[in-house]
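What follows is a set of structures to go through.
Next come two complexes, and both contain chain A; in the first it sits with chain B, in the second with chain C.
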Partner chain A sequence: MRPFTYARPDTLADAVALLAERGAEARVLAGGTDLIIRLRDGSARPAVVVDVKRVPELAPGIRVGDRGTLVIGATTTMTEIAAHPLVRRDLAGLAEAAAVVGSVQIRNRATLAGNLCNASPAADTAPSLLVHGAVVVAHGPSGERRIALDDFFVRSGVTTLAPGELVVAIEIPAPEAGRIASAHQRRTRRRGHDLASVTLACGLDASGLARIAYGSVGPRPVLRLDTTGVLADAASSDEARAPVFETIFADASPSARSMRAGPEYRLAMLRVLGRRALATAQARLAAGE
Partner chain B sequence: MPQTTLPIQLTVNGTRRRIAVAPHHTLLEVLREDLRLTGSKECCLVGECGACTVLVDGWSVDACLVLAVEADGADVLTVEGLASPDGRLAPIQAAFLDQGGVQCGFCIPGQLMSAHALLAEHPHPTRAEIEEGMAGNLCRCACYEQIFAAIGQAAAGDAPDLGGLGAGAHAGGARAGAKTSAEGLDQ
Partner chain C sequence: MSARDGTIGSSPNRVGGIDRVTGAQRYLADLSVADALHAKLVTVPVAHARIDRIDGSAALALPGVRLVLTADDLPQPMPRFGPQNVDRPVLATGETKYQGDPVALVVADTKEEAEAGAAAVRVDYEALPAVFTVAGALAADAPLVQDPSLRPKDPRRETNVLNEHVVAWGDVEAAAAEHGLTIVERRYTFPMVTHFAIEPHAFMAAPDGDGVAVWSTIQHPNWLQKTIAGLTRLPLSRVRVYAPDPGGAFGGKQHAKYEPAVVFAALRLGRPVRLVLTLEETFQAVRRASCEARVRTGFTSDGRIAFHDIEADYLIGAYTDIADRVVGKGSYPAAGPYNVPAVRIVARAILSHTVPSTAFRGFGNPQINWAVESTIDEGARELGIDAVAVRLRNLARKGDRFIPFDTPCDGEWEQAVRKAAELIGWDQPCPPGHGRGIALGIKSGPTTGLSYSIVRLLADGSAVVYAGTSDMGQGARTVFAQIAAHELGAPLDWVTVAMGDTALVPYDQQTSASRSTVLMGNAVLAACRDIQAKLRTMAAAQQGLDEADVTVADGLVRLASGRELPIREVLTAGLGKLGGEITGLGEMRKEAEAGHPLSGAPAFFEFNCTAIEAEVDADTGDVTIHRHVTVSDVGKALNPLQVRMQDEGAAIMGLGHTLMEHYIFDEEGRIRNLGAIDYRIPTSMDLPRELRSEAVENADGPGPYGSKGMSEGALLCVAPAAAAAIRDATGVAIRDLPLTPERVWRALQAGPVPGDAEGRR
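== the complex of A and B ==
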């Protein structure tokens, strides 16, 4: 690994000032499960590594904020998210996604903000957070701003965070039309080591709106809504659902060069996982889970 | 100019250490090269094989993906800390030997640390919990079934009595504290 200077600010103001001052020379370090690999292979060569794990505003933890919003601290690990009773009760798809990230050792380090900021198209927590309408709380030199997660991803490794901004927390607003029942599904070559070949979540509410989000089949995770009520209707037939799914998956563009899976496999699995996640979300909505 | 070294404090297998480390050195490098604890193995260096698994404040981590400076102030348990100081093996180590879970032995320090963390969390793990808890540890000699059997044996408490609990018994206190944000909420 190339030498760098390590900084461990203990206030948000110091962290933001350092990032603003050093610009592209600085790199935020959270759990390091993506960054340390890049520091070692030389694809990231920062002069300063800014460890944000001791900044109180980014501290791990899950709490209920104003108006029923669920606030997840930036450095909350996958292990904590997967085990948290509130997440398991209200954001089942997110609990399922966090539970399949890497291995125990990875989940004990990997943070939620790191998963989003790394902006891999295969990020497993992205689809569930998208169907729950998650908002990224960012803090930078010009203060705080909130970014809808769907406006956060640009392409692999690139987000709409401005230079000098960091993610403080992820908020999940309480939905207006009652609770959203969600479910996550994915395919991977080997559990514990590999990223998803397809990762997908479905979210349903009592108003009949269905949300499907999917990743690892294009440059960034995609969120699509079904306002026809067909997917949300537990009694609708597979024949009625098929064309709705086709519209929803029209934006999938898996690369033919991926080592992980061919485009035909990914497109086929997208449809299978879509049906499975929908069935689970429907059952959860009906059960009031 | 990057910093040359930073002073850190670590408790390793129960012993407090003050050392100066290079910021770009991983916990694995510092354990193996500075502290000469070569039980933890260096292998894939990308978080896939688990040969470098150690416990930091009770949490199992891949030491190849943690900078030593990040562990400043932490309680670290390595495979050298499992047996008691007089060399008597911990039950999980004895169970590995008893079940023939060790072939070439290269992956075993990491396997033991994951097994130790698994049993701390699930004293009586199901087959599915064992598979999930050990998914981050690869064994090229493919001793998986023997390793799973050893975990089952240690959990059942019928490991051959080759010694008492090692220094490992101390790790985990800090971790209990880390879990409190989930307390007091109904399921």
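== the complex of A and C ==
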């Protein structure tokens, strides 16, 4: 590991100022589960590491904000998210995803904002947050702004955060058409902790809108909507659903270079996971879970 | 006495176990000495390269960097070493032969400075064509891995075939021409896998008076001592090897790797130098040989094996290490624990531009056993004979010379097969969607050996056992302490086992081949018996009896009158006012045998039967192991809990190469999955839903109290048992490992495949 300066600002203003000043020389440290690996293998060589865990606005915690919005503090860990009663009740897919990120030790450190800012196409929390319409609250030199999560990801490691901007919280707005029942599914090479070779979530609401989001099959997580009502219809046939899934998965472009799974397998598993997540979401919607 | 009191057949807490699990044990990486410098290997990121120039000036200009050691700094010609062929250079000279072959060693004040220095060494090289598959290595225009001048008298020197091992008996072609045989011919592949000991290899060396001290995570301290003495031209007595208990080894720490380079650096600088590998570097230091095997087997209509015709190509690495022995010793029992009248086995050790393969739990047997046991399974299916029945029909019984020139069958192997079948519920209906598979395996134990032990019975009745075995987690300390406690009547926690220092502990040939309980165990036992003889003399004198009227055994002195005396009482009285101690010397020797293809018949066989019940998710290819039963013939379990746990560990390790582990290469032979993120090993979540590890005990082994060596057997047949279970569940046969979800899914998509070149006469 190469030497670097460690900074631990106590205020949001100091953190933003430091990040704005040092630009690409600086890396943000929250849980560290991605950053430390890169510091060790030399793929990240920052001059300054900015620990944001002392910034009050980024504090961990899950609360209900204005108009029923669920607000998840940037440094909330996966363990807290997976165990939180509101998340488990209203965002089942997110609870499932947070529960399979890394290992127990990693989940005790890894933060939700970190998982999103790392912008891995395989980020397990991204699909569930996408189907729940999550919004990233960012704070930067020019103040605060809200970025729809679907407008946040660019490609692996790259987001639309401007230089100097920090994620303060993730907001999940109260759904307009009643609750969204969600479910998460993933494929890995083993049952123990692993990176997803396909990660997918499905969200359904009473209006008949189905949302499917998926990752690890292209440069960034993808959100697609089915407005035909076919997927949301618990009585629709597999034959009717198949072409809808084909449309939804048309943008998947898994790399042939990946060693985690071949493109053919990934594309097939998208369809398997899509069917399974849909079935679970339908059951949850019907059960009022 | 209770089952946990430490006597033979009880399972006391592991000696040193608390330290291991609390982190108190000091592994080599935890040790340092004053003024120690830190080293880092310099490598080039290709499989095969010509080294044109190494410029260390930029590295030497960095703060803290003390030395950039290259081939030019070493004695000329380049000193080489190796346990079989002296073919491995201390540092690469002229060419690198595998990705990770070090061209230089940078030594600096701190680890970080050494890393920065290594990154600053400029190596001008030209990547050369590399061979990293069997086909590539055998191609007519394949580049030669080894310089032919290293084996001038070998007719194969202009090829990449290092050696060919042929074992045959009976007349295979005549047997194959018999009418009515069902002949099955199949091809199987076994991947390259690495040991993945949790403790990475670590080395330290320091000038030590007129000699050198070497610390290593080595399994064979005495062998390392000999290697370093040879390279430095020092007498053995001037090379002191410290070998702290390794944190897992599995064969990957048997022989010298980078100790010689560290020694040369330390002697040149006159200061201690330490090198701790990263996990990624251990992937480039040790691995198991991959294997491509063709098996042709003939069955009579009633399921007798008429012949085996087996060819196996093991892809060893760039230097021999012990790999040619792995190929020879691992392949000669390829016909399995069966009475087969005609057998031909041709196994080749093939050099390649890959990490040198070495000993690895199972020692060449798992690769070929995967192929042969799977072929037997396919034959049984074709004949419509039950997989257990076909094996029992052919299984060797005790005393059978199932390998004509070798140790006869030395166990009641049928008992292990029947026990495994019973535990898996072989005769019970399988739950819907599940499938079952069973496989047998044997592995030869040590063919030669030499172990000395000294035991000191101290004045208070406590004891110190000196044993040159390395306890790398297998529990040797515990078993030796149990033997001494049992024989000398001392509580287990009054016995100290001293290991890992060649200046203090007498010679032991090696810690390998599951030998230590038998060979060192017998040496410890003999040393205790030596003490017992002296106690007998003492007791006779004290009691005014003839020695014939005194016996010392099982920790007690017994007089002809029937009276029993504690050893401690006799000892205290006998030592008198000066005190002192009684010293015992034990020696266990197994000489080489002329004419045997392995230069000796094994002291024992490890026999195992594994049965697996599995379920396959047809949509995803996921394999769920519901039940995994492993039964080994161990002779006598000196510590039943350790025996159970050793086989559990071997079974789980076997699930690694069976289900998920393999090196992945790019088109140029570079390792793509270098490190833990993309080289997956089983975690606790990947274990079978139920894992049963049991032993058969008939006290019929050559070790103390009838014990045999064990701990490798349970790895031998995991893959064929799992693949047979998958086949039973799905109808699909898969002949390449590992059985990843994607591979299983692809096989399911393709549907049942007819065998290649099968036929019925």
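In the analysis below, the second predicted complex is superposed on the first by the 286 of 289 C-alpha atoms of A that agree within 3 Å, B and C clash if a C-alpha of one lies under 4 Å from a C-alpha of the other, contacts with A are read in each partner's own complex, and residues count from 1 in each chain.
What we mean here is this: contacts are C-beta pairs under 8 Å (C-beta built on N, C-alpha and C of every residue); 3 or more make two chains touch, one makes a residue touch a chain.
Predicted model only: the values in this text are computed from it and were never measured.
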- Tell me which partner A:Arg109 touches in the superposition: chain B (first), chain C (second), both or neither. first
- Touching partner for A:Pro85 - first (chain B), second (chain C), both, neither: first
- Task: Pick one for A:Lys53: touches chain B only (first), chain C only (second), both, or neither.
- Result: first
- Looking at the overlay, what does A:Gly262 touch: chain B (first), chain C (second), both, or neither? second
- Note on the structure: Max touched-residue count on chain A (chain B vs chain C) belongs to chain B
- Message: Once chain A of both complexes is superposed, is A:Thr5 in touch with chain B (first), chain C (second), both, or neither?
- Response: first
- Message: With the touch criterion stated at the top, can you tell me which chain A residues are shared between the chain B interface and the chain C interface?
- Response: 1-3, 103, 191-193
- Task: Under the touch definition given earlier, write down the residues of chain B that touch chain A in their complex.
- Result: 2-3, 6, 22-26, 45-48, 50, 53, 59-62, 64-67, 69-70, 114, 117-118, 132-133, 135-138, 178-179, 181-182, 185-187
- Item | Partner chain B, residues of chain A touching it in the complex | 1-6, 8, 29, 32-33, 36-37, 39-40, 47, 49, 51, 53, 60-63, 79-80, 83-86, 88-89, 102-106, 108-109, 191-193
- Item | Contacting residues of chain C [partner chain A, same complex] | 112, 116, 619-620, 659-660, 664, 672-673, 677-678, 680, 682-686, 740-742, 745-746
- Note on the structure: Within the complex, chain C is touched by chain A residues 1-3, 103, 187, 189-195, 259-262, 265, 268-269, 272
